[in-house]
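One chain, chain A, appears in both complexes that follow, with chain B as partner in the first and chain C in the second.
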Partner chain A sequence: MRRLAKSGYVFWIALFAITWALSTFSFALYKALDARWIIRFPKQWQLELDGKISTFLDWLVESAGFYFFSFRDLTRAIAAVIEAPYQFFRNLLIEGFSSGIGETATQILPSLSWIAVIVCVTAIGRYARNWKLAGLVGACFLYLAVFGQWESAMITLASILIAVPIGVVGGGFLGIAAYRFEWVNRALRPILDLMQTVPVFAYLVPILILFGFGPVAALVATVIYAMPPMVRITIISLQSVPDELLEAGRMAGCTQRQIMWKVLVPSATPTLMVGVNQVIMLSLNMVIIASMIGAGGLGFDVLASLRRLDIGGGIEAGLAIVVMAIALDRASQAFAERKYQAALTGNFFQRHPLAVSALLVVLGTSALGVVIPAIQTYPDSWSVTTGPFWTDAMKWVNINFFDAFEAIKVVILQWLLLPVKGFFSGIPWAWGIIAMGLIGWRVGGWTLGLMAVLMMAFIAASGLWAKAMVTIYLCGVSVFIATVIGIPLGIWAAEKPRAGKIILGFMDTLQTLPSFVYLIPVIMLFRVGDFSAMIAVVLYALAPAVRYAAHGLREVPEQIIEAGLMAGCTPRQILRRIKLPLATPHLLLGLNQTTMLALSMLVITALVGTRDLGQEVYIALTKANAGAGIVAGLSVAFIAIIADRVVNALAEKQRKRLGL
Partner chain B sequence: MKYLSIAAAALLSATPALAQESSDPIKLTLHDWSGQLVTTTIMGEVLKEAGYNIEYVQADYIAQFAGLKTGDLHVAMEIWETTGREAMDEAFATGNVVNLGETGMMAIEEWWYPKYMEERCPGLPNWEALKDCADAFSTAETAPFGRYLGGPVTWGGFDEERVEALGLDFEVIHAGTDAALFAELEAAYQRQDPIMLWIYSPHWAPAKYEGSFVEFPPYSPECYDDPSVGLNPDAAYDCGKPTGPIWKVAWAGLADKWPNAAKTIENFNIDNAAMGAMVAEVDLNGKSVDETVAEWMAANTDTWSSWIVK
Partner chain C sequence: MKKTTLLECRDVWKLYGPAADGYLSQNPSPDSNDLKKAGLIGAVRAANVEIRQGEIFVIMGLSGSGKSTLVRCLSRLVESTAGEIFFEGKNLLDMSAEELIEIRRTKMGMVFQQFALLPHLTVLENTAFPLDVQGVDRTTREARAREVIELVGLKGRENYYPRELSGGQQQRVGIARSLVVEPDLWFLDEPFSALDPLIRREMQDEFMRLQNMLHKTIVFITHDFDEAIRLADRIAVMKDGAIQQIATPEELVLNPATEYVAEFTRHVSRSKVITAGSVATPLSGDSFAGSVQHNDLIDSIADQVESSETPFQVMQDGEVIGQITRQTVVDVLVGRR
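This part shows the complex of A and B:
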């Protein structure tokens, strides 16, 4: 065992030493041998895939067709099917129903008044759990009205109300198909990986062309981004239904279909609701990007405020998204845990007191709203704004603390960022591919090694090697810092439940707050550059590191801690010798998630001005070059997939070693 | 609503004034900067006065071309020569997008510095002053070179070449978006810290912050194309940046579906000064776009009614 461990170290040290030497001397080597191919991938070997992809997409959009209709007719028909209910929700929540166009339009029915919407969501909260939840959900929506975000929030809510059901039902069916048929499962897995890791910017242009410009294209992009967790969770939850239950179903003579819908799905429902929750959260994450292609709503407000450098306005609109996320998240979780309740008896009104009273309020406010406008629309003069406060606070921090920040920044730049950047960008591409393969092989066997080699070779052959190295460097440094900060925070949260509540709540906020909101203040304090990008990435990717660390420590079995106490361990020894080693698989999963988030955030930090793959994707988007965007997006995805597989393999190894 | 309205329109056989033109809404795109919102709202209001139905659609500046090509969107009121050239050329080449002429506004872009820098670098705005005081613009990362914050890489601008050709000791850093550009300016301005950056006009920044554009040798096409022209005989780009018109761009089908509306849009014309005043109202005085446009419409009835083609 010990010898094995030793040889393991030798492998890693040797690998690092060779890489370091090659990285340091690659330039000298190229000069000495006059072999430029060492540092630059030869142009004549490049794949030039982007042109081919663009041509293929043009063909798909312009001329691909079935017998009676073209491919675009098909996607446009799908768009029309999605648009109808979306328009209905928009009319219901904010615009009102009317006939006629433009100036000549006459209103038939008003939209729900703000009071009616708040009462309805409160009733839903009460129905899902209790009055406490009802109060929370109601207060969240009241916040939207009081802070003057109502109209935008309702537009965003309308798109969430469409995107989430599509994501949940679609994801659920795909998951069921994958559970029933192994080949579906096999085919789906790489697709899901790509859906989760290819940056949204990369496929925005093709979606716009196929589904038309506007909210529907944004909805499609949202569904693509938010659906994968639902599929995965459906598969896992169906697989984890106990065999005895299935057996019982078969004994009772159920058909395949009955087993699925009467046995499997009901018993998997609690886990399925976790998937629903994920879909809601990810849909809200997409709000900003969706607003870039015509979804409007809160995302647009955030972008427009920041364009004006109205930091306060940006924060308020951003917090409105957080508040909405909290309301939807809590309500959906409550539905997941909802217990069966005895049906009330009596006539219709007595059996459905909530629905009836909500309906009464809806009718009442609609009627009164015609007479008193304040009931229909929340009056502007009642709304509160904290905008000037945030702007002034930012100014104060900027004037008083800039020098301190600058000093810290220079130290970190010189001692961490620049050396690491030099190391990664010096690695010759050929060795980089081999080294990745060796790491993969060492950790997860030859299949992983081969996959890593092929993926890295794809990146090099697309002429993106240098950009990919900058990506790995920025992402690596950010993940390192996020881990260094996040794990202690997680330990603290696990050891002290009261502090934990605050820390985890703060992490939730950081994750749902659109990153644009803090991107601008970060630039104001740290200027355009890699350092600002790193700060933004760390802020965004911190949450999983904290959450998994806290979760892992709490999951350590009580008996083992008990045993440690009996053996006379101090609290410190318990933490270091028992809890942390046992929590390693969880810590590694946290690392995995942190890496994924960091990579997805790098695409956003392109807006700061980094020169990595994210920037490449963004440039392709602004030039509407679909092919180049997809190639760069795939490169990001490949880095993410390699990182994911390597860390998962490490976690698996550790789990086996611990006998978990 | 859309479906109901189409049905209603069919029943009422459209309004008589527009018998020959479609009563479908004309879709105008809105972006995320106030000047564009003002321009587009003026156009939309004028078209409404002329009896058309209007729909505003929020869209990304570049991504909107995908919609203009397919006819999902109809009119984009501000495409800047300086930042939108490539996208425009690509779209015009497909034949599905057409140019409806200039808006009358000129885009200016150039190196810009706040007024307090004139004390620290006497001789500005003449560019030759920068030869001696590049270090006044330096930061820890770029010292001893000055730091020049350029626009996003996609804007082009040839700043690296300009620095080289004019022998300036500046390092060019590219911001990722223009929000990043102005965030840095705001922060530096609050601290009265040195900064030199790419600014364009019409924009609220030159109105909000005191400062001026650097005066480089004037631009000429030859200066960009021919190294021998200009101060440096061996290098091109040894001059300032070109100014360029802001264009109106539309879906090619617009003129068939709404012929008179297309002509009305072509007639739209407004100058930098009028626009700058309205942008300042919105961004600095906190007025809403609709309010500002309504005031302008009331004060300039003759101007906009002359655009309308019946």
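This part shows the complex of A and C:
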């Protein structure tokens, strides 16, 4: 008992016991005391923030003005700035350039032919690395043409071609500003935290109100979503340029500006390219979600198919997204790893063989395309549709395995999901707030405790307590399962290099997939409900658990393992007594990432019919109720922030204890 | 002959810690205990250095002794907490940012421990970089860069990227870059410390070869006492931010000012430091086997003198100032003197 007390378990056991007791008997207590406030937050204390926010937004759009222009002029100006290049890319990739409008429109220039686009991306692949990558990228785009997804894919590509430069340049400049001026850095940090934790649906609503339904609103949402990592990576990459390089620049007599553009930014470029890769992948992810507010393209196809329960169509469009994600990811990663190479010599054509040949193909196919339509547009008659095949396959699976799937579903629901749900839903709100505060205080001191109390109180006061508990329960169970599956996989990957290559490669691919894609198979096999949501969340959040576990085990210093071997440890003992304890900080970081991903995915699973905060946000989106969306979104963000800080504090404690 | 002073620093301090800037105005000369009490770190304490035209001035100290901070104060890469630094008679610390940039562009060059080459530029572009930032046109700056690259022995590798070169070659690029503007004052911050011992030796020879051609004024930082003795005209030994002694290698070995300096000199092979002049004794007879110059190292004349029965004359400016005997040489070689 004394040992227990010393190691601090008593605190956790007591906390759990009290929570469990209160959760079990809260309803009886309310009946006995006739005190409804125990299980329901009193109505008269509620903040009613959602109404105020909605009114504020209405005022902003309707009547706010700065001296010379109204707020609406501002949003219209922004929209126009984004609209013009977007239309250009749409013309370039899909519609072609024409003059005049309506009936009188005549085409001046055709759009890029499908052959031209494929040749261009192949050339980019070759430039970024080698012919192998070029082949992969080319094949991915050819797939889009052959399987009849070309036009939707080009709409998605046009959105990405707009969102990525804005995200990269905007994020880069914010990062540079934060690097140069400490106050910018300090002001940006909480904003970035919020931007990364508020679920995407939540800011779709105000954007919808400010910019109206359509691609521009979708692009604005995409940029907001994809920019924060670029800002962070820019700051980190500039800070990690060696001091000596800076000094070398100063001693060469560089001005401030020359230091930034001739020394810092070029030296940081490889890391900055990692940021570009992140922006591309996040943009792709968001462009798909943003199809709900008018982005169109592949995301819209998936969404429409899901609504029609058109299984084949959904899988087809979903696979097209996967293929495109892989192509964009590999190509942009290759750019990040690209080494500086000696420039070719000779005349212009010899120095730029790729660009010249790509240009020739573009011109050639455009000219030929006028005569032979098949060169301009991939003929429908050549395209292969896999839709019916998928529909049949799914039917077959459902007919033959329905019972098995159903049995698994029922068992897990009965023995895991429902009891946990009951436990969390039963916790009286007042005790929930206190318990969160105690946890925060215990692991991270009183500031963290106070923060947790305030944030949980905000959720309760917004009347969202019950929904929040559903979110916490679903997230908790999913994270638990993802960890239970992920950590052993990570250990396996670290211990057996060959298996590791396959596992980690698979995880890499899983991570490049836009979150939307995960919903497709899940909804087809398990239909709607908490169980489907949980499966999708586990799949989406699995990768970091595996990766951090593998990474943490591999990071254990060779010498310590050798010391263990010389002390006569069996391989099992080495793993259990040396590697795992030393890897705990990494495991905790993995847990942190898993939790963050789980929360972000959980909101999206609102589409498959959960009853949590995500659903609240989604309903607000469909009703265009900005206030409710923002309040529910903030609540999700607060849960994410508390989880993040608590797990980070635990990891930090472990790291200190191990002297790392 | 007295040489003119190019760079001089007077009572330079660099303190790190909270409220370091105000501290010195209230406590003009704190010792290390005072600083500890105030929670400050004295990276450089009351440094007085005078660097003369054309000499190699070595600042020697172990890691954490403040030698790197001192050289950064001298080049104003780090702002000193207090003191004055005169470059060509003008106070460096009073200069505006523009003046400082101008001076660095034309009169100073610096070589760094980890080479500090820009990874995205070729050897040629790296070397031409200081000219590039001044706005010199491409043909001129590349022609000049090619000259310097040839000077440091890298001809034929102009289009290589830094990652394609060995450590020694990278540092040659670093040297070429620092020389491309023909600086008057050349800082070298542990330029050879990151290299393997054999390469280090080779680079030291290369450095001496360059210096014999160029006659720069040099501030050279090292933690290697042997390197300091090999290269220096004068050495400043630093410990805990304070300069212990400034002297020629020979004086350091013969008259170490502190116990700390003596500790370094104890294991130095003295014959490579001590000159004939400083161990010459009054003439005892008039039969001599030959003559040596007063600034010849004992090491270089040992064989000759030791194999002869009779002493050698020691000459300075054409006059005999004493003699050196076989016994004296043996004394130096075994460390009795």
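Everything below uses one rule, namely that the second predicted complex is superposed on the first by the 615 of 660 C-alpha atoms of A that agree within 3 Å, B and C clash if a C-alpha of one lies under 4 Å from a C-alpha of the other, contacts with A are read in each partner's own complex, and residues count from 1 in each chain.
In this text, a residue touches a chain if its C-beta (ideal position, glycine included) is under 8 Å from a C-beta of that chain, and two chains touch if they have at least 3 such contacts.
Treat the numbers as computed from the prediction; the structure is a model and nothing was measured.
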Using the superposition on chain A, tell me whether chain B and chain C clash or fit. fit
Touch test for A:Ala624: chain B only (first), chain C only (second), both, or neither? first
The answer to whether chain B or chain C touches more of chain A is B
May I ask you to decide whether A:Met524 touches chain B, chain C, both, or neither, giving the answer as first, second, both or neither? first
Tell me the contact category for A:Ala248 with respect to chain B and chain C: first, second, both or neither. second
Contacts of A:Lys262 with chain B and chain C, given as first, second, both or neither: second
Spatial angle chain C-chain A-chain B, Cα centroids [nearest 10 degrees]: 160
Which superposed partner A:Met596 touches (first chain B, second chain C, both, neither): neither
I'd like to know which partner A:Ala331 touches here: chain B for first, chain C for second, both or neither. neither
Regarding the shared-chain residue A:Thr605, is it in contact with chain B (first), chain C (second), both, or neither? first
Look across chain B and chain C in the superposition and give the shortest C-alpha distance you find, in Å. 40
Partner chain B, residues of chain A touching it in the complex: 84, 87, 91, 95, 97-105, 108, 204-205, 208-209, 212-214, 291-296, 300, 303-304, 306-309, 395, 398-399, 402, 406, 409-410, 413, 519-521, 523-525, 527-529, 605-611, 615, 618-619, 621-624
Parts of chain A lying in touch with chain C, wherever the complex brings them together: 242, 244-245, 247-248, 250-255, 258, 262-263, 266-267, 269, 339-342
For chain C, which residues count as touching chain A in their complex? 72, 75, 77, 101-102, 104-106, 108-110, 112-122, 129-130, 132-134, 159-161, 163, 177-178, 187
What does chain B use to touch chain A in their complex? 1-5, 7-9, 12, 15, 23-25, 32-34, 48, 52-54, 57-60, 62-67, 69-70, 72-73, 86-87, 90, 139-141, 149, 152-154, 173-184, 186-187, 190-191, 193, 204, 283
